[in-house]
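Shared between the two complexes below is subunit A, which pairs with subunit B and subunit C, respectively.
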Partner chain A sequence: MNIVDARGLSCPQPVILAQKAIVKGEFPIEVYVDTVTSRENVRRMAEKQGCKVEIVQQDDEFKLVLTR
Partner chain B sequence: MLERLTKFFASRWGVILAGAVIGVLGPTLQKLGNPPNMGICVACFERDIAGALGLHRASVVQYIRPEIVGFVLGSTIAALIFREFKARVGSAPIVRFILGIFAMIGALVFLGCPWRANFRLAGGDLNAIPALIGLVIGIAIGVWFLRTGYNLGRSQKTYTAVGWIMPVLMIGLLLLVIFRPVFSEGGPIFFSEKGPGSLHAPLVVSLAIGLVIGFLAQRTRFCTMGAIRDVILIRDFHLISGVLALLVAAFMTNLVYGQFKVGYAAQPISHSNFLWNMLGMVLAGLAYALAGGCPGRQLFLAGEGDGDSGIFVLGMIVGAAISHNFNLAAKSDAVVEGALQVGGPSPYGMIAVILGLVVCIVIGFTMREKMA
Partner chain C sequence: MQQIFSPADYPDLLVGLGAPDDAAVWKVGEQRALVVTTDFFTPIVDDPYDYGAIAAANSLSDIYAMGAEPFLALNVAAIPPQLPPEIISEIFRGGAEKAKEAGVVIAGGHTVQDKEPKYGLVALGFAHADRFLTKSGMRTGDILFLSKPIGSGVITSAIKADKITHEEAIETIAWMKRLNRDASRLAMKYGACAATDITGFSLLGHAWEMASASGVGLQFHYDAIPFYPHAEKLALEWCFPGGGFDNAEHFGAYVKFAAEISQERQMLLFDPQTSGGLLFALPVDKAILCQQEALLSGIPLWQVGKVTQSKLIEVV
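And then the complex of A and B:
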């Protein structure tokens, strides 16, 4: 299990951090973000990298679980 | 319903739609009275606001541009409807303020933000080419810093009222342009009687178009800096398809209106100094990349409650005041008795661009987290 806490980070940090975790390759990866923008950006990047993305809303934050 | 709309706006077609709509509306605003070879320019319009408030006294560029008000409030409306309004602050605000100042200094050496660079190209102003090359170079330098750990740190959730500061400020500006109060003899508020500042579409039209663009851009995250950054950084062509849509739509709209005129020299409100068109935009592009958004995007983020973007916007407005007060902004080409006088920045403007590049590079080098 690999956890990326990208809450409070602005564009494009969440994408950079999630991409680093994907490159490292320890799935599943949990990415935490707190804006819809970051959620969509990370989802788009991860899907392009061939990951399956599951999104869980937690209050006004999001957890993305990336698996491959 | 809202979820489905969100999906559409987040899609490639969503951002293409936003770009195309902006591309049509820019030249349309020009047709309706906005400055030629411009239509919409976030940097120039913020500069005009700085002038109207008397922060600088360049009498030809003073007007409270309702488009800027509309951009912020349109984004606020979209964020409220889609429940994305979130007050947040605290990611190195003073750095963002400094970046905003130098972003504007760079923008005013070229005479335009990335939006206007595209509108100028779409109108046949070939000086946009060195500027766009400069923009790519500046962003590429920023991407290098991002790759090597540059990060301004986390923002914090805060009181909702904090997120409302920028939208309320914009409502205040709107009231000033509607009621045009004069605070002392001669102003402020200043409104240009000649020059680009005197050229504007009807207030209601400017505001309405601003609101539409603000709404669409908030939903689609339209960003001219992010577009180029994402191509370089992660080979992602999502945002740039929106920018290309803007370019194509603006080009076709200009053809329809007869506003397309190819050339370098003496284009309206521009200069044909190749080197400084490029270098100004290198500085601006780097500052946008380090701050995470083009001037337009910073307005839309400010509208949805991002106080750090609000600080960047205020930095740009102060930067505009500095640019004109210290004679840093470029002068347009002029034709005097049939002879072309090539414009461009004063030596002070050139020094300011170099200084800005140094400051941005120091920021890039010194604000990097240790890489794991």
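And then the complex of A and C:
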């Protein structure tokens, strides 16, 4: 399990951090973001990288679980 | 707009209510047409002078993309009340000096208060009434030219994320400030069939707009496409602005990539551009002459692909 806390960061930072975790390859990866824009950008990057993405909304925040 | 304005009521409006284009064109005489456009955006670089100059070059670019010459402009601005006066005057000075370089006079404008700064121009230009450039009119076999490198969205994102220094971004900033005037004049001189400027919808998004408006396909050679310094390196780190993902989702269905073109390189071609280059098409014989003149005059111009029958964008 690999956790990326990208809350409070604006794009492209969450995408960059999530991408680094994908390269490391320790799946599943949990990415925490707090804007819809970050959620969508991380989701689309991860899908383009061949990951399966599950999104869980927790109040105003989102958890993205990336698996391969 | 067509629900309110019927094209039949405005016979002198040559471009505007039909297919979307870079600017509206209004016939004002047998020989002459007025070209009108506006654009403005929030700061994309830290230096207020550069921001003003880039915003002005970007607004004027829509006039050049129509094969017209701008002559008159107005400032459009939103300024936060707490912004220091010297910063505000630097933004306007950057815009004014860029306009002057283009032979354009800024004759006024309008400023409102807003939380985030916004700046741009309303720009007017003249074109020949029968000879201006729209997004349609490309023909199979034509050669595609691009007048600036790609990757400014990646670079400006990297500046905001502190991933590159100001020095590393200087070349990209200089390109964004550059007018598309020389490229527009070359395109007109050699009888371009169609043109647009590359902005927020990315190289491939705007290419698709031109291809669909012209009823053709386009084939790009990845290795022939110029990129800003550091853009490819930052793409490998997925330093893309959000708009790039929107473009990939929106235009991806119309684009076929060769298998060896990586995901990062694909995304780079969907990178939203600020004050990007002109993309235009010339018949093969004219393309050779145009490239020769560009080389001799030191005008940056890249042959990036050709027009095909495929009704789709291919990147090989």
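Quick notes on this structure:
FYI, the second predicted complex is superposed on the first by the 68 of 68 C-alpha atoms of A that agree within 3 Å, B and C clash if a C-alpha of one lies under 4 Å from a C-alpha of the other, contacts with A are read in each partner's own complex, and residues count from 1 in each chain.
Going forward, a contact is a pair of C-beta atoms (placed from the backbone, for glycine too) under 8 Å apart; a residue touches a chain by one contact, two chains touch by 3 or more.
As the structure is a computational prediction, the values presented were derived from the model and not from experiment.
Placing subunit B and subunit C on a common subunit A by superposition gives a clash between them.
By the touch criterion defined above, A:Gln19 lies against subunit B and subunit C together after alignment on the C-alpha atoms of chain A.
In the superposed three-chain model, the partner touching more residues of subunit A is B, compared with the other of subunit B and subunit C.
Of the two partner chains placed by the overlay, only subunit B lies in contact with A:Gly8; subunit C stays clear of it.
Judged by the touch definition given at the top, the superposed model places A:Val56 against neither subunit B nor subunit C.
Shared-chain residue A:Met45: touches subunit B and subunit C both.
In the superposed pair of complexes, A:Val36 makes contact with subunit B only, with no contact to subunit C. Only one of the stretches 182-190, 200-208 or 236-244 belonging to subunit B overlaps subunit C in the superposed arrangement, and that stretch is 236-244. Comparing which residues of subunit A touch subunit B with which touch subunit C, the overlap comprises 10-13, 15-16, 19, 37, 40-41, 44-45, 48. Contact residues of subunit B toward subunit A in the complex are 6, 10, 82, 84, 86, 88, 91, 146-147, 151-157, 221, 226, 229-230, 233-234, 236, 238, 292-293, 306, 308. Touching subunit B in their complex are the following residues of subunit A: 7-13, 15-16, 19, 34-37, 40-41, 44-45, 48, 60. By the touch criterion given at the top, residues 10-13, 15-16, 18-20, 37, 40-41, 44-45, 48-49 of subunit A touch subunit C in their complex. Subunit C makes touch with subunit A in their complex at residues 157-158, 160-161, 163, 237-242, 245, 248-249, 263, 266-267.
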